[in-house]
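These are the structures, in C-alpha cells.
Two complexes, one shared chain (chain A), two partners (chain B, chain C).
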Partner chain A sequence: MGLREYVIRRVFQLILTLWTLVTLLFILFRMVPGDPTSRFVMDYPSDAERQARIEELGLNEPLYIQYIEYMGQLLQGEFGDSAHYRQPVSEIIFPLFLNTIVLMFTALIIAYTVGILFGAAMGWFRGSRFERVGIIATLVARASPEFWIGIILVWIFVFQLGLFPRSGIGGYGGELTMNFVDRYINFDFLRHLILPALTGAIVYLATPALLMRNTMLEVLKADFVEIKQAEGLPERTVLYKHAARNSILPLVTVAAIATGAAMGGSVIIETVFNWPGVGREMVASVSRNDYPVAMAAFLLMGTSVIVMNFVADILYLYLDPRVKYE
Partner chain B sequence: MSYAVMTSNSRRRFLQTIGAAGAVGTAALAGCFGVDDDEDDVEVGDEVPELQFVFPTSGSNPDRNELGGFISENLEELGFEVDRQELDFDPQIQQATVDLDFGLNLSGWGGTPERIDPGIFLYDMHHSSTTGEGGRNGAGYENPDYDEIAEAIMAETDQEARRELVMEAQEWLAMDQSRCYIANEGGVHPYNAERLESVNPGLGEGLNGFWNFMEAEPADDVDQVTFGYSSDIFSLNPMQDLTTPDRQFIRLLYDPLYRFDEGGIPTPWLAVDEPDVSDDGTTFTVEIREGHTFHDGEEVTTEDVKFSYELFAEYSPTYATYLSGVEDIETDGNEIIFQLEEPDATFASNALGQIYVFPMHIWEDIDDPVNEDDEDYIGSGPFQFDDWEREVEMQLSRFDDHFEPPNIERLIRVPGDEDALVDNIESYEIDMLGVNPTTTQIDRLEDDENIGMAQFDAVGHAFMNYNMRRDHYKDVQLRRAISHCVPKTEFVEEIRGGQGSVTHSPIAPAIEEWHNPDVDEFDGDLDAARETLEDAGYVWDSDGRIHYPPDWDDDDVQMFLSVDG
Partner chain C sequence: MTLLTIDGLQMYYRSDDGYVRAADDINLELESGQTLGLVGESGSGKTTIARSIIRLLPDNAEVIDGSIDFDGTEVTDLSDRELRKQIRWREVSMIPQNAMNGFDPVYTVGQQIVQAIRYHEKETSKREARDRARDLFDELGIEPDRIDDYPHQFSGGMAQRAMIALALCLEPRLILADEPTTALDVVIQDRILQTIKRMQAEIDSAMILITHDISVVSETADRIAVCYGGRIVEQADSATIIKNPRHPYTLGLRNAFPDIGDEDDDLISIPGTPPELVDPGEGCRFAPRCPFAEEECWEETPKPEEYGDGHIVRCHRADEADLLREQATEKATWDGMRDKVRQSISRGED
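After this line comes the complex of A and B, so read on.
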C-alpha cells in the first residue's frame, strides 16, 4: 500500500469517526430531560407561549427530522443559532475559543518545554537523588486536582504576595476589542494569563516528563550513546543533542492529542480563574439544554482530538522512517 | 394513577413511558411485599404509597438539598416510605413543573419588586386556571371557593377591601396546605466599603435592586464601579423570554411610564403624575414628561410610547398578556390614552410599570424584533449602553441628561464563578456582588473592615408543593401532617446560618402591608404530625409503616379545610 492510499484511507476513517461523534452527541443531548425552555417555565405567562417557542426552535419535529436538518446545516459549515442567546453559535463560540487557545497553548508550551528537558535529565541521572525527588514531585503535580493547584497559586501570588490579579482576562472597564494584537499582546493581559497558564502547565507537565524519562532509559541502552560518549563529547551534548532527540518520538503523539483535547479548554481552570473560555460555556450550555452551542463546543473539541491524532500519525511517517503504513 | 402525555414531543413521551413503566413496576413490587395482617391486632387499610420527593442536588442548591434530606428523614421516622429524587436545576423543572411527575417538590420562587403586589403569589400560583403543565399552580390546587377570592383580589380596586381579601386568602392557603411555605431566604451581598460610601439594597434583590444602582454613592475619586454576578446576561432585548438578571439590567437602560419604588408601588417616572382613570375603570390617561430624550438625543414622545406598547403586545412572550385587555391606544399631545375592555386593578402595576419605552425611530426598522436587536440598546433610561463582550464584561455609563441621574458614572458588570467573584471582593478588584456568599465566606468577609455587608429581606420563598393531582395527596390532613415534618426554623437557623426568616404564608413578612402573620403554622413537629394522622384515622403496622384507615375511600376525601361544610 502506498502512502497516498494510506492517507486516503485514514481520511475516510476520520470522516466516519466524526460522523459517529456527531450522531452520538446529538442523541446524548436529546436524552437529557428538559429543553431550552425549561429554565423559563416560570417566566412564561402560559404553556401556549412556551410551546410556541419550542415550535420556533423546531424541537416539536420528530427526532430524525431534527437530525437530518442538523446534519444538513453542519455540512454547510453552520452550527445554527443558540437557543439561548438567539445568536449564531459561531459568534458566541469564536471569542471564547480564542481565549481558550491562548491560555491552553501557553500552558502546553510551558509544560512540554519544561517537561521534556526535565524528563530527559531525570532519565540521564537515573538512580540519583535528583531523579527520586523529581519523580515524586511530578507524581504529586499529576495527582493534584487542578482547582487545588489553582487555589494554592491564588493564595500565594494574589493574597500573600499581591503580584497578580485574581481572575479575568483584563482589567475591568478596559477597552473591549476583538483585534488580536490589542487584545492579547499587552502587559495587562499577560498579568492575567500567568496564574491560569501556570496552573495548566503544572498539571500537564507530568505526562511529557515521565514519558520522556522512560524513553530516555530505553535510548540510553543503545550503542550509539556509548559511542558518542566514547567520542569524548561533553555530557550535555550527548544528553540533549543525541539521546533526547531520539527519545522524543512517542511524545509527538501525546503532544498532538493533548493539543487537541486542550481546544476544549479546561472547565476547572476557567472556572477558578474566571477565564471566559469555551470549557465553561460547554458546561453552561449543557446545563441550559442549549443544544446548538453544546454540540458545537463538543464537536470542536472532538474534531480537534481526532484531527490532531491523524496529524500525529502522518507526522510519524516522516519522523521515523521505520514506521510502516499498513 | 394517570400520566400527562405530551403529544408534541416524542422524546418526552418516550421518557415518560419509561417513567410510567417504572412506577407500575414499583407498585407491583409493593404488592408482593404486602403486610401480614395476621400478626397484627389493628385493622389497617392499604399502605400509603411511597412519597416521590423531588428536591435539588447539592450542586444546584446546597441549602435546599440539606433541607430535603431532613424532611425525608422526618417522614421516614413517621412511617412513610420516601423515594428521594435529587435533581439538577433544569431536570427538576422539567420533571416537576412541566411534566408534573412528582409527589412532593421542594422548590422556590424568586421575588422582584413586581411580585410585592400580592396578585401574583395569591392568584397566579393558586388559581385553578394555572394548574397545567408548566403552569404556576404546580400543586394543582383547584378550589372553586378560593378561585372566587383570588379573582376578587385581582379586580378589587378599593385598597381596604382588597387587603381583607388578601388576609383571608392567606388563611385559607395555610389551612389547606396545597403547598408548604417554608422560608423567605433573604440574604447578604458584600461590597467594597472603601470605594462605596453607601449602597441601597432592595427588598428581595439586594444589590441587584434598581434603587441600588441609582443611589449607591461612590467615594470621591471613584468614577467606575464594578458589579459581579454569577452569570452573564442572556439578552437585553425585552422581546425575548427573559430571566431575572436580564430584566435587572434592561430596566437601567429603558424607562417605563411608572417605576416600582422601594416598596413595590408604581410611581410616576416617564409619566408626570398618577394615571387619570375614568369612573368606569376602563380608560387610563397618562401624561408624559416633556423634553426627555433618548440616549441618542431624540426626544421621547407619546408616539414612542404607543409604538412600544404595540410592539410589546405583538411580540413579547412575557409582557404581551398584560396588554391583552387593551382595546385601543391613542395619543393626544403629551397624553397617552389606554382604552381597556374591562376594569383591571393590576393594569398600573403590570402594564404601566413594566412595559419599556423604545425609540420608534430605531425599532420601526427592525423586521424581526424578537431575534434582532438594536445593537446599541438606545433607550432613555438612567444608564446608557457602551459595550459588551459575553462572559467578559458589560459596560454602561451614566446618562447625564436623565431627569434622575444615578451617582455612579461608569458601571461595569462582571459575570463569573461565584467563588472567584467573592475572592475578587476580597482582593478589592470588584466593588459589589449581586449573589449570596456561603456561610464560611460571610464569616471571612465580615473580618475585613473594608468590606461592607448589605442585608436584605426576601419577597420570594422556598416552598414544598404537594401534587394534588394524585389521590394520596388529596387528603388535607395528610398534607398537613407532612407539612409538620418540615423543620423551617432549623432550615433558617442551622442550614442557612440565620439568613432569612421562617414563613407560613406566600406573602413575605417583609411586605407588612399584605402579610398575614396569623395563619396555621407548621414547623418540624413530629408529634403534631403523628397526632394529625391519628386523628384522621391513619394507622401504623407492626413495622411502623403507615397505612390508610381501614374504611378509606379515595372518592370521599376531604380536600380542603377552608370550605365550610
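After this line comes the complex of A and C, so read on.
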C-alpha cells in the first residue's frame, strides 16, 4: 500500500472516530439528570416560563430530532447557544480554546524539549550520581500537585521577586474581544504566560524525561551506538544525533497524545492562575448545567486527542523509515 | 614495519565478585599490511583484546597494566579526545558481527559514511565524500545509487558490504573485524571474507580477524594467535599453527575443525567448559581440560616461550610437542579427558 492510500485510509478512520465521539457525547449529555433550567430555579418563577425556555432550547423535541439538529449544527461549525451566556457557544468557546492552546503548547514545548534533552542525558550517564539525582527530581516534580507547584511559583516570582503578574492573561479583562495579534503578541501577555506555562512544564516534564531515559537505555545496547563511538564522533553527536534520535520515536506518540489531552486544558492550572481557558470553562459550564458549552468543551478535548493521535501516526512515518504503512 | 605492539596488556572488567581477567598479559605484534587471526572459543577475550586498541570498552573495563603502541603512539596515554581524533576510524576502524545493527536505522547508509569521512577530513566537501562512498559501493559490488537507501533496505550480505565501505572510507591502517561473517549465510560468508581481503590489500591496511573457526583464519591470516581464558596460549605464522602447533588447546581446536587437519577426518571436541575468569588462581588455565596436564601445570602459570621464528607458546610441555601432536589426534586421548572432567564435576557436586 502506498503512502497516499495509507493517509487517506487514516483520514477516513479519523472521521469515523470523531463521529462516534460526537454521538457518545450527545447520548451522555441527554442521559444526565437535570437540564439548563433546573439549576436556576429562581430565574424561572413559573412552570410556564420554564417550559417556554425548554422549548426555546429545543429540549422538548424527540431525541433523534435533537441529534440530527445537533449534527447539522456541528457540520456548520456551530455548537448551539449557551443557556448561561445566551450567546452562540462558538463565540465563547473558541477564544477560550485558543487561550488554552497557547498556554498548553508553551508548557508542552518547554516540557518536551527540556525533558527529552534531560532524559537522554540521564540515560547516557546511566549509573552516575547525575542520573540518580535527576530521577528523584523528576519523580518529585511528577508527584507534586499542580496547584502546589503553581502556588510555590507564585510565592517566589510574584510575592518575593515581584517579577510577574499574579493571574489572568493581561489586557484589561477584555481578553475575548481582542483579535489574535493584539491578544497574544505583546510583552504583557508574555509576562502573564510565563508562570502558568512553567507550572505546566514542570508537571509534564516527568513523562518525556523518564520515557526518554528508558528508551535510551534500550537504544544504547544497539551495536550502532558502539560503531558511532568507534568512528571517533564526539560524544555529543553520538548521544543526541544518534542515540537520542532513535529513542525519540516512542516519544512522538506520547507527546502527540499528551498534547491532545492537554488541549482540554488543565482545570487546576487555569484556576490557580485565573487563566480564561477551556478547562476552567468546562467545569463552570458543567456546574451550571450549561450543556451546549460543556459538550463543546468535551468535544474539543476529544477531538484534540483523536487528531493528535492521527498526527502521531503520520509523524512516525517520517521519523522512522522502517515503518511500513499497513 | 611494526604497526602495533601490545606488551603485557592486562585489561580486566570490574564485577561484584572481583576482577574478570578478560585479557591477561597479552603480547602481540602486528606488521603493517598483515592479517592477524585471533581465534578461541566464546569468552576467551578476543573482543576485549581487539577493542582495547581503540579503547571501545564498557565502563567497568580497566587497564591494569601494559602498553599498546600503535605506530609509535602509546594509545593508553591518549586522552579521549586525542583517541577519537587521531586513532578511531582514521587509523583503526572496525567491522562488527552484525552489520545490520551497525548502522543507525534512521539515517541512510550514505549519510553515515559521509558523516564519518567529513568528521575526520574537514576539508572534504559533501559532494566528494558522497562520490567516495559511491566508488566504494561500486568496488564492493553494490549499486552506487543505493547509498541513499536506509540500512533496513539492505539484505544481510549487502549490509555487511556497506559496513565494509564504512570501515574503509578513511583508508585506515588497521581494521578490526570481529567475526565479520558469522551472522551471514554460509554461502556468502566466504565471498564476503574474500571481499574484505581484496579491499584490505588494495588500501594496504592491516587487519585483526576474530573468529571461533580456526579454518577461516588458516586461509586468510598471515599470523594466528590462539586465545584461551583471557590469555594468548600460542601464536605463530598461520602455517606453523596449522601444521606444527605446540599447545594442547590448539591441537584440540584443530581437531574440532577437521577440514584443516590433514589425514584424520574425525571431529573430536574438547571436553569441559571455559575457565572461570574471576580469581582463576595460579596455573595454566587450560589444565582442567588438558589431557596432558601434569602437577606443574596446575601450580605454575606457564610463561610464553619462543620456539623459533615468532612461534610463542605458553605450555609447560611445549618441548614434547611431537609426542602430544601424535596423541592429540587419537580420539581416546580426549575421551579419557571426558571421563576425568565428568568425575571432577561429580566430585564437585558432593
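In the analysis below, the second predicted complex is superposed on the first by the 314 of 326 C-alpha atoms of A that agree within 3 Å, B and C clash if a C-alpha of one lies under 4 Å from a C-alpha of the other, contacts with A are read in each partner's own complex, and residues count from 1 in each chain.
Note that contacts are C-beta pairs under 8 Å (C-beta built on N, C-alpha and C of every residue); 3 or more make two chains touch, one makes a residue touch a chain.
If you're wondering where the values come from, they're calculated on a predicted model, not measured in any experiment.
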item: Overlay on chain A: chain C relative to chain B, clash or fit; value: fit
item: Which of chain B and chain C A:230 touches, first, second, both or neither; value: second
item: Partner chain(s) touched by A:60 [first = chain B, second = chain C, both, neither]; value: first
item: Which superposed partner A:319 touches (first chain B, second chain C, both, neither); value: second
item: Per-residue contact with chain A, leading partner among chain C and chain B; value: B
item: Chain B versus chain C as contact partner of A:289, first or second or both or neither; value: first
item: Shortest CA-CA distance between chain B and chain C [superposed frame, angstrom]; value: 47
item: Interface residues, chain A side, partner chain B - complex; value: 30-35, 37-47, 49-55, 59-60, 62-63, 81, 84-86, 92, 95-96, 154, 158-159, 165-170, 172-173, 176, 271-274, 276, 280-281, 284, 287-289
item: Contact set on chain C toward chain A in their complex; value: 54, 56, 59, 83-85, 87-90, 93-94, 96-98, 101-106, 115-116, 119-120, 150, 152, 166
item: Chain B - residues contacting chain A, complex; value: 8-11, 15, 88-91, 93-95, 97-98, 109, 130, 132-136, 224, 226, 231, 234-235, 240-243, 317-318, 320-321, 370-371, 387-393, 395, 410, 412, 414, 416-417, 419-421, 423-424, 426-427, 429-430
item: Residues of chain A that touch chain C when the two form their complex; value: 127, 222-224, 226-234, 237, 242, 245-246, 319-322
